[in-house]
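Chains here go by letter, A, B, C and D, matching the order in which they are written, and residues are numbered from 1 within each.
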Amino acid sequence: MNFTSDNAYGAAPEMLEALGAANSGAVASYGEDQLTAQLESTLADVFEHEVVVFPVITGTAANALALSTLVPSHGAIFCHRDAHIATDECGAPELFTQGATLATLEGESGKITPEAIEEAVSHFAIGSVHHSQPAAVSITQASEMGTCYRPDELHAIASVAQRHGMKLHMDGARLANALAFLGCRPAETTWKIGVDALSLGMTKNGALGAEAVVFFRREDVRDFEFRRKRFGHLISKMRFVAAQLLCGIENDRWLAYGRTANALARGLARRLGGISGVEIAYPVEANLVFASMPESLAQKLRLAGATFYDWGPSRNGRRLVRFVTSFAMPQHDIERLCAACT
Amino acid sequence: MNFTSDNAYGAAPEMLEALGAANSGAVASYGEDQLTAQLESTLADVFEHEVVVFPVITGTAANALALSTLVPSHGAIFCHRDAHIATDECGAPELFTQGATLATLEGESGKITPEAIEEAVSHFAIGSVHHSQPAAVSITQASEMGTCYRPDELHAIASVAQRHGMKLHMDGARLANALAFLGCRPAETTWKIGVDALSLGMTKNGALGAEAVVFFRREDVRDFEFRRKRFGHLISKMRFVAAQLLCGIENDRWLAYGRTANALARGLARRLGGISGVEIAYPVEANLVFASMPESLAQKLRLAGATFYDWGPSRNGRRLVRFVTSFAMPQHDIERLCAACT
Amino acid sequence: MNFTSDNAYGAAPEMLEALGAANSGAVASYGEDQLTAQLESTLADVFEHEVVVFPVITGTAANALALSTLVPSHGAIFCHRDAHIATDECGAPELFTQGATLATLEGESGKITPEAIEEAVSHFAIGSVHHSQPAAVSITQASEMGTCYRPDELHAIASVAQRHGMKLHMDGARLANALAFLGCRPAETTWKIGVDALSLGMTKNGALGAEAVVFFRREDVRDFEFRRKRFGHLISKMRFVAAQLLCGIENDRWLAYGRTANALARGLARRLGGISGVEIAYPVEANLVFASMPESLAQKLRLAGATFYDWGPSRNGRRLVRFVTSFAMPQHDIERLCAACT
Amino acid sequence: MNFTSDNAYGAAPEMLEALGAANSGAVASYGEDQLTAQLESTLADVFEHEVVVFPVITGTAANALALSTLVPSHGAIFCHRDAHIATDECGAPELFTQGATLATLEGESGKITPEAIEEAVSHFAIGSVHHSQPAAVSITQASEMGTCYRPDELHAIASVAQRHGMKLHMDGARLANALAFLGCRPAETTWKIGVDALSLGMTKNGALGAEAVVFFRREDVRDFEFRRKRFGHLISKMRFVAAQLLCGIENDRWLAYGRTANALARGLARRLGGISGVEIAYPVEANLVFASMPESLAQKLRLAGATFYDWGPSRNGRRLVRFVTSFAMPQHDIERLCAACT
């Protein structure tokens, strides 16, 4: 019973088939191949918009490369206090940008608000060389708490960003889960509401290891290709990464994987939430369940063979813990976990 | 007939099988899994020495991460003028090290000599803060020209490095080809002659995308793990990279792939060398053939459907061109190419 | 009536005399001269401890060079939300450290507390490569709000730092003002309470432009000298910077300048505080006075010819403003300002 | 008898007077003062062209800030093998640019040629992300060997730079000496021949410590001001640096200092060159004399109290040594040195 992360699970079988299909003959390397070209046109269809697409291997690389392309070294990036770029990338954004500042914001259930951005921006002295300058907003869809921004929420955030001349970046490591929950078209949660660059994740939803940076305007790409090369992220046999991304997109597989994982999370939350002493901390929209429970119960679950992360320190004998579900997770693990509660 | 690069070819079928075998159930992510652990013990056997192993995806990442761990920002790294780190990584070593200097050396057939290192080091003012300080020697085995350092050559280079307190790094993107040619044990071309860190390549010899940084002493690892994470190279589903490396090592498959590629190169060189007006530029030891030929012949080969790279500008109607062979290349491509010459 | 900053004022006449005295004959450059050597022994006397001293020109350079020497790139630095390194250096610490994280803390009157550090550290996952690691605490003495840490406060902070294996850095741009207020010996507010590296400021208290990084243990210096050179801060005619620092130290001039500035601030606060509608926001200990006043009054003072900075946005018709005093400020400016209030 | 460097000598007395004159009252800090504004208009007169001027303290800072503003991180900078940026700045250009490449060229007497640039550029694969891209040429006027580029030489270099879309940077640490030798107007050796950014040195010719980065087109300035701040080079009491630069420019004092130093060098070379066994290695145009002499003679001169640097290793009992003269050097030191030869 592994609830630690969606990346603890393997790849969808279709992904391995796609790798096999891609493995014939000699092709141009470093992304000059047919599959990588096809990926760009396929994603243009998916997003109903021109896109420029750069496959990479890790989400940290996607985020840090995208942000360092969008913002200058003297820029400030506004994001949620719990955003992956702020808490789980060990300073990669500051490193890649040669010293841009992360300005972190509070926000309920992992989401930032236009008001919080506006307030934070008001503390920056625009035009003063002594201070980093507001340059980008980064939002996570679905958020680190498993909640999803609604299109109108995104629109309001984008308006603030635009008003201050800031770029809008979306960390979409779990975009498939968000799309599955929201039931909206990819365009509606990206370029239509003003996203300039998207870190598109596939690893958590089916791939062995495949992400992509997606730009919606060619002029935003700037020196991205040199940057990707220089940070060591230009993959020689690129077709194998493109093949995974294509496989996930084809037949909306990524959405199906996301839907499966979300459903498992919802089921888990419903059952856990019914147990006395357990409280579900945030709305369960994507594939994450945060539950507050007595330390003793968390301990009991672990003894029963479940693995999951504590989230923050223990308080008054209670602990917030995180359960992540995956499309590849056996359905009966949910049942076994809940059975172990009683 | 694709002779542009060994990374234009796909993966060995066994690699895909290994991915399938690795794709079962949930395991710890980020390299805390069984396969990654097994990789370390397997490589310890292969190298007959304790090793600390960090899988990554690209050779540029392996080189830049290894070098930036070995040398300080004020260090100078000595390498061949044509080394990959000097010519094909777009400044990655300078970037990762926050500004170390590459001191490039001339050297016949892609190999540097102890004398050239000694001479170059003599120009550095040791202990002066105005000047970068000699910190590492980086050698490429097999070299960019397809030649291989013999153990005694390596030993002499390592002696100079040690005498000046410098670390020794080996770029082994084509280590399998070198081992296949030299017929020596991995230990004899690495730690036994003083290599401190090795960029071990598998992508050019069978893998879809798998390299590793191998340290031979734990104290040299220093902050490598943070560095790998911070540059975006810590892969979540690490088992799939470890599986490729293991697959290549098992049953000495990488050596077999290297041997096949080398044999193709030797055959190509023998036949090309017999054609009037063609001169083989360097000893053909690994899987690279550099041939000087009339522009007209190069043009003729391209018209016949062969792809390969020019190496430097045209001189007096002649051109140096590079042919790379791969284990996955059809044998008859060699014949077709040579047939097209006449 | 310039109350914008202590660096709006010029240099003490003695400083210019010291430059003249230093200007004779040829001496070794880059800090190999007699005056720079003398500075180190003089500061050893002042601090009653071995010191290693590196003069630089700006406070930002002193802070960023010191911090990047003390902490690794994957380190986190804990400081007050309003610390100069967090708000006025445009990302220099992140740049110099190649991406270390600034973790900013709330704290009354510009001072951080051991509890706030402890709480913040508890959110970091020690030993995890996904997260920056607690590496240093940076405190500002006197603080940005003009308050001074008492020795026991410093001791408590240093204890937390030591417990977590963190280094302690002090930004002493206004150390002279703090020492003048506290009346304690320099040792008591630095190495005796555990400060590892001090940014010692002289520019705000008499010099034309002279700061120094002071280490209290030789092993902490590490690669500082290369770092200073590489960031362009190794000054060729160093004697002129050393001469200023020596001049300030001699006869405790810096303390006298600090005392004068502090007294002006106290006088200003006393008189301003007596005016109806004006509230002094923080204890006035060094040479900074923060006053909350009606917008209309601030406007009136500006019309009367006073310059000073607003501190944050207007709220309910009131504004927090900052007045800085300098040893070189005419006493009657205080009177003119206060007269203009009525 | 100190012939080690022109920065071993102090400041011109007029400089100290200028500091005194600048030291009255409160003025805006960080370069918003009158003197800094005046500097810009004065230099516009001197250069007969619009200029944007940024005073800094060190030549390394001027060079690294200018270059990192002109070239992207994936750029290559072409310069002489012995250029200060390549040999005496400990990697600062690579650091400031986040990893740009220095491509060093051979060239007689410290000067590069259009042909050498053209040849070097031909080795770069334009548009390939695998390779740094030609971005700037940096020339030193007067060169590290004390020779001066003639306007037609500069023009030819600038033509190559422009043909390849490269910026042209001039390291003018000894520009005064070059102007004094060439007898040309500043415009003729800078913007008129295509220089985009100039590191203007005053420290070697009179100042205590004052350099400036001069841009000749506002659009080239880009983010320079943030960069200067972020690298710690924005000086608070800027008036004192501006005052030195103004003092040097006024009445062409810098040219007079340069002329004096040059004359001393010429005299020294004439006398040294007449001594049996001594050969002057390069044309003596500025204030540097390189002499090849028997080791025994160099030793004798040192015993007589002269200090100077060896330049490279001893060969066949002979040594190349460097003598630097300064405007502030006693005339009789030349005589004493030459007397000691016999």
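Here is the rule we go by: contacts are C-beta pairs under 8 Å (C-beta built on N, C-alpha and C of every residue); 3 or more make two chains touch, one makes a residue touch a chain.
For clarity, every value in this text was computed on a predicted model and none was experimentally measured.
Undergrad: Is the C-beta contact count larger for B-C or for C-D?
TA: Contact tally favours C-D.
Undergrad: For the interface formed by A-C, which of the candidate pairs B-D, A-B or A-D is equivalent, sharing more than half of the contact pairs by residue number?
TA: B-D
Undergrad: Can you work out the whole-Å distance between the CA centroids of chain B and chain C?
TA: The computed centroid separation for chain B versus chain C comes out at 50 Å.
Undergrad: Centroid of chain C to centroid of chain D, CA atoms only: how many Å?
TA: The computed centroid separation for chain C versus chain D comes out at 34 Å.
Undergrad: Residues of chain A that touch two or more other chains: which are they?
TA: Where chain A meets two or more other chains at a single residue, that happens at 73-74, 89-92, 95-96, 98-99, 129-130, 226, 229-230, 234.
Undergrad: If you look only at chain B, which of its residues touch chain D in the complex?
TA: On the chain B side, the touching residues are 73-74, 87-92, 94-96, 98-102, 122-123, 129-132, 312-313.
Undergrad: Residue numbers of chain C touching chain B in their complex, please.
TA: Per the stated touch rule, the residues are 30, 72-74, 98-99, 129-130, 133, 223, 225-230, 234.
Undergrad: In their shared complex, at which residues does chain D touch chain C?
TA: Going by the criterion above, the answer is residues 2, 4-5, 7-11, 13, 16, 19-20, 22-29, 56-61, 64-65, 89-92, 95-96, 203, 208-209, 226, 229-237, 239-241, 326, 328-329.
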